[in-house]
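Chain lettering (A, B, C, D and E) follows the sequence in which the chains are written, and residue indices restart at 1 in each chain.
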Amino acid sequence: MAAINPEFGKELNRYGAFDFNACYNCGTCTAVCSLSTEEDSFPREMVRFSVLGMKDEIKSSLKPWLCYYCGECSTNCPQEANPGELMMSLRRWLTTEYDWTKLSGLLYRSLPLTIIGFIIIAIGVLIFSALENFNLQSIMHIGHFFEIIAIASVFGFILLPNIIRMWWLIIMKPRIKVPLMKYITGFGELIVHMFTQKRSLGCDNNQLRWFEHFILVIGYLGLLFTTVFLDWFSNDNLFVIVLGYIMSIIIFIVTIDFMSDRIKKQKEMSKFSQPSDWMFVVWLFLMGLTAFIVRLFIDTGLIEQNIWLYLFHLTILVQWALIIVPFGKWTHFLYRSFAMYFAKIKSQ
Amino acid sequence: MKIKSARILVFSTEKISDPAIDMAGLLKLHYPPTVYTISIPCSSGVKSRWILHAFEKGFDGVFIAADGSDCPYGESCTEKTGKIIGRTHELMKAMNIEPARLRMAAICSVCSESFVKQMKSFNEYLLKNSNN
Amino acid sequence: MPEKIINASYDALVIGGGIAGGEAALNLANNGFKVLIVEKDLSIGGKMILLSKVFPTLDCSACITTPKVSEISRHKDITIFTESEVKYIVKTGEKSFNAQVIRNPRYVITEDCTGCQLCEQACPVIVSDQYQYNLVGRKAAFIPFSIASPRVAAIDIENCTLCGACEKVCPTKCIDFSQEIQEYDLEIKTVVIATGFKLFDPLLIPRYGYGIYKNIITSMQMERQLAPTRPFNTILRPGDGKVPDRIAYVLCTGSRDVTVGNPICSQICCMYSIKQAQLLMGALPMADVTIYYINIRSFGKGFEEFYDQAKGMGVNFVKGKIGKIREKDNGDLIMRYEDINENVVKEAEHDMVVLSVGVLPNTDSASLFTDGELKLDPFSFVFQSDPLASPAKTSIEGVFVAGTATGPMDIPDSILSAGAASSEAMSYLIRK
Amino acid sequence: MEIEKGKTYKYLREKREISQAAKDNLKQFIKIKKSILDALQESDLTIDQLTQKLSIPKHEVVFYLMSLVKYGYVQTGAVDDMDSYFSYKLKK
Amino acid sequence: MDKKIGVYICHCGGNISDYVDVEKVKQSVENDEGIFLVKTTMFACGDANQKEMVDDITKNGLNGVVVASCSPKLHLITFRAVTERANLNKYNYVHANIREQASWAHSDDKSGATETAIRLVKAAIAKVRLAQPLFPFVIKSKKAVAVIGGGVAGLRAAIELSDMGCPVTLIEREHFIGGRVSQWNLLFTTSETGKELVTKLYNEVIDRENITLHTGSEVISSTGNIGAFKLKIKKIPRYIKQECHKGKLQEAIDACPVTVDDSFNFNITGRKAIYHNFPSEYPQEPVIDIKNCTRCGECEKICPSVDFSQKEEIIEIEVGSVLMATGFDSYTPSDGEFGYDQFENVVTLPQFKRIIELNDKKLIFKGKEIKNIAYIYCVGSRQIEGENKYCSRYCCTSAIFAAIHTKNKFENINNYHFTRGIRTYGKQEVLYAESLKKGDIYLQSYEDDPPVVTTVNDKTLVSINDILTSKSKMSVEADLVVLVTGMVPRADNSVAALFKLPKGRDKFFNEIHMKLRPVETVIDGVTICGACQGPKNIMESVNSALSAAAKSFSYVSKGVLELEPIIAKIDKDDCTWCGQCAEACPFDAIKMVKDEKKDIAAINNSVCKGCGMCLPVCPTDAIDLIAYSNREIESMIDALAG
């Protein structure tokens, strides 16, 4: 017997949900959702759980991750209860539930804290550069080195434990028995979803958005690979240089389109942007753009005179690596993929 | 073939039992189609000679759907209707008609179900006890 | 150019000749007041006269409407203008209004027409019959429907090709294309607004596919299919003429829905759908009827019992609103919905879908009053200035409102509301 | 002006333009009516069969055919219990 | 005179013709004696057929008409009017009911239904053959109406009648007017309070000279009929002088040692034996509740206005029409129904509304502060087990409105609604939406699986298998459980019994026809309105009250009424005056008179109601009821027997 907890709704409002209480349970949202299936029907169930404050049910559910926010549910909701935005906030809430540090929760709920975080990091970068006497060579070198370490430690200390927590909440706590073989055979699903997000193709009229998203992921991973493993800024191989250019162009061009959607607010999913959504796309855009210009300046020999440009790029990069990747919206990349993976291995 | 149903004459009343019989129709509660009603103002106005006339003309049974305590003309209705039945029963005996072929029951303005039940059981009784 | 302006005076002007307007007019006239009914349609009787049967008693609607309508049309103190509109009304003083009414030409001399239908037979034109909600055709010279009042012909001048066939066959020479718009300048003492309601247009919900999938009809179209004067003489899918086997009702089409601008409940759709379901079970004994609902609102006298009766007859009730509908090649329809009881999204196949369309305000009356604007409520129904103590009062003294002009309601409530409006109008007229 | 009784349509013809839509509508109906009646002349047909013969959309066949039933040109024949479609025949 | 009879057989748009072979009925009566024409028609009641009938009658000189259609309750009057328009006396018209009593009753047996219809039509023809023209008695109708019940419906009807120029006697059983509405605080749609609404109406009533208001009064007997009802009213005094001294009175109230349950607050509080319900209650003088007063005299000592010498009065009035607005009772849950009378924090919705009003700032009940409120819907309505199958219509909206009001008035309130599907019909829907947006939580159970109220360690738990959460068992710890009780007919309906008002399946008073005659009853001259007719909200009650006012007015406005000439008739030759008929007559309409040679009975035409009770008692069969004579009845029997 579950007890009703009306306080939970108020908590969710801090993650961006609103008006979902208006739901009168007609089921239109679930019926118009093209990703909703007989096995996994949503979003009404999630709205209902949220209204009643059934946290445990939400924590052990993968449904929030199965939604790609096409917005059909919110457009057609006769009570304007915004189920789509509720699903988005549930993803934010779940992200903080998975996160053992609880920092993501703090950052989602408080914009000032987030800004302070960004400022501290910017100051840190400045102090570090000052300590290095603004020597471009060594800053670049250490910058590259930092990138590798940051990725490794964010993964090792934050994301990996969080994935394990997610696994615990979804598989272990509800006592679902999964044979080991399934973990292995289902692994393909994880990889496919991580790189293609193919499920979102199920959303009606979503091909363009899926494609944009797909090449953005390619661009992002490509840029990561070029800068971290091929040390793009210090590499003279023509192929690597061009690859880096292409990847960074992809990033900032696609993100421009994403940002303009959020400004125009015509599509349902871009109507109610939270600061975390904005930061994700803006930082991604800045990262692509600054990386591109830095390399351009390197190639044109202007970088020595414009070292501030690199510092700016570095600040963005560090903020990205230390805030957005471990605690921000970046995590949806990981959780969503794992959600598909868990869904696959859970299914009989 | 359907079993032939008994022919029953019902004296109903305009304000009380007639609405109930109408409602039985409205609710499609079926009863034998050989039940015919003659509607009069009040059940305590039925004359014995009418009843006897009906038997004479071949009706198997006569049913008085009485107003009971709902009668708009006064409380004495039930008692008076009862007396009519009593008197008529005597006359029927004298004429060698089985008294059980005359029945009465109070049918209130919404007693459709009870009316239908009465008709069905009366019909069964009359069929069982008919000579042929 | 109007021929002439005709002057006349009445105690009361009733705008709208539906069941509410008719009831109000009768009450007033029976107490000796002179009443004018202005009806924009070709017949009085409103929507009710076109219905099949009425809940919860299953009386045939015509059996209740037609005698009323004939009483109205015969009443010595009631004048009826059909095919007419009130242009504007000015308050000219205490218990005094001036109303400008125009009467559009019917192109038939009403008094002389015997309703023989010879003109109808002669007319070569076929257009959609609005009184059968476009399920079938009618002529351009036509009697609106068999129980119309007045039951006389009219010419649909927009679709008429002026071939003259009707005029040639008319035995009483009552067809007259020289008729012009007539203007009336009327002195009246009180006004009763009974302009009724409009039905929701399901084209506004594209995901239901109404208009594209021909086997989706509105509840009013089904009402016509069930009525004694029905278009097909049996129940058929308009898409291909099949007798449907599996019929679905989509409740709250255009009601309780902010996205189409109508947040309120239409109050009648649950009951008329249950009624139609019962009638369908009678007409097509083998058919399955399913009603998809959010909440069943069987709140009135005898309604809950009526709902129980439908369940007993085997009408299938499914809790869950239809999300979208798509069509199969054979014209069958696939409905997608969430079965709320099971919390699972499902698809179901039906032969025919009935959209239980909601009640919308008829805002025609809002602009009638030049002085002292007639206020509307937030949903654009006529605003009741004292809804609890004097439900028929509007924002203008001496103007009363009856029936669904104030909001959705069923027939008994409309009639009571009309009773209230006529009562208030009467005491207003008598009061010194 | 004195208008001759029984010829008032002529009077209005001079005063009023007949819309092209009304003319087209009449033309179309006459055509469809003829083709339906011709088709039924040969044999009784269901709506499906009529649609194939006339190559106009089914729902339009339903509309026009039912109008012809209404005005007494066509009558409803037997229904096929298997697939619930009526056949239609000319009214004699 | 030979009869020329026209018979019209109605299809009723299929209602009849689907089961009865109308053509066969036509054929089987066509050649009967006296039949001039037989026609079938789609709608006999339609205007076209009515016109045709008039034409047939006038052209062919028909002098007997039968319509075989629906129940005469619907259209007897319609067709009588048709014959009158054709200048044929309306009693030459006979109605045969082949819908309710043939096609519908025997829709399972088409040939049976057809046979029944034939017999019924033949019987009607038999009757019409013997029909004679009759002319109505014209009686005076007293231009006055008694309105019984001083709630909003009664008050509103009284005001309306008064404005139409009709004197009104308004009779209220309680000592204060306003009925249920005075017990409510804020009202939905206008946010007036119940008291404000009642005050507004009361002032209007008092302003009008032609309204006589009797409070504390009950009708104890009614004689007479439409046009002249003679009512006896028992008026219980207030035991307080009219111009009472207000200041002292409160002291007197304080001094009263008797405390009884305060029914105004639905017994959640007590009141004294000298009381008024709330300050500025109308009428403004308080009352001594003489049933509970111990006559200790404490109040009398303090306040000179107390007057125990006042006596019960019997007032007699005569009115042309009676308008019933006696209202409803709130359903009282049985012991243990959802914990009622078992757990002390379970109350009904009316009680809850009083609790909201009696508290300020904090919501406190029985010493505990209330935060979590559980509302259980459909208590006493839509019963599966019990007798009340109907939906009470007003309760969903009322409960939601109270819940919102509670949230607005007090802090930190959580509302939990245990429903069976919310029915905020019409514009009331916005209230439901508002409550959802305010965070009220709604749960829904199946009809046969109602919520359960239990206590665990002093805590009250309400649990439910929630349909909306895939039947998960949900529970709430409630500080207060509100049972959303519906409307039931008044338990004490003695006044209605005086008029023999018929009741419907739901035990509320029944109108003749919901759509045709929605405020009239089968008792001529008695109209009904408001919640005594069935559950209604205020606006709906007032709408029906105004309709009923118009109807009652139409009975009395002209000062005269036409009565049916169907009365008893004495055959002077056969009468031997035994007096039995006079004894049987419930209306004292039969008196002995001296005829030429002998004593005979004579009927007082304007008193005779035509019940026929005198007929069977006559030993010489000397009495007939007009239109129900031996010849007529027996020829009908012959026709039915076939």
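One rule holds for everything that comes next: a residue touches a chain if its C-beta (ideal position, glycine included) is under 8 Å from a C-beta of that chain, and two chains touch if they have at least 3 such contacts.
Note that the structure is predicted; figures quoted are calculated from it, not measured.
*Asks:* Relative to chain A, which chain's C-alpha centre is the most remote?
*Replies:* Farthest chain from chain A, going by C-alpha centroids: B.
*Asks:* What is the identifier of the chain with the smallest separation between its Cα mean and the overall Cα mean?
*Replies:* Chain closest to the assembly's C-alpha mean: C.
*Asks:* With chain centres taken as the means of their Cα atoms, state the distance from chain D to chain E in Å.
*Replies:* 54
*Asks:* With chain centres taken as the means of their Cα atoms, state the distance from chain C to chain E in Å.
*Replies:* 30
*Asks:* Quick one: report the Å distance separating chain A from chain D, using the average Cα coordinate of each chain.
*Replies:* Computed value for the inter-centroid distance: 63 Å.
*Asks:* Any chance you could list the residues of chain A touching two or more other chains?
*Replies:* If we look for residues of chain A contacting two or more partner chains, we find 24-25, 45, 79.
*Asks:* Tell me, which residues of chain C touch at least two other chains?
*Replies:* Those would be 57, 256, 340, 343.
*Asks:* Which positions in chain E touch two or more other chains at once?
*Replies:* Within chain E, the residues that touch at least two other chains are 422, 433, 468-470, 504-505.
*Asks:* Help me check something: in the complex, which residues belonging to chain E touch chain C?
*Replies:* 11-15, 42-43, 45-48, 50, 70, 74-75, 78, 81, 85, 152, 156, 160, 163-165, 187, 189-190, 192, 197, 200-201, 382, 389-391, 393, 421-430, 433, 467-471, 504-506, 508, 514-516, 518-519, 533-535, 538-540, 542-551, 553-554, 557
*Asks:* What residues of chain C sit close enough to touch chain A in their complex?
*Replies:* 207, 252, 256-259, 294, 320-324, 336-340, 343-346
*Asks:* What residues of chain A sit close enough to touch chain E in their complex?
*Replies:* 1-4, 6, 9, 19, 21-25, 45, 48-49, 51-52, 54, 79
*Asks:* Please give the residue numbers of chain C that touch chain D in the complex, ascending.
*Replies:* Residue positions touching the partner: 120-121, 124-128, 135-140, 157-164, 167-168, 173, 175-178, 214, 231-234, 236-245, 331.
*Asks:* So in the complex, which bits of chain E are touching chain A?
*Replies:* So the residues of chain E in touch with chain A come to 414, 416, 422, 432-433, 436-439, 441-442, 444, 463, 468-470, 472-477.
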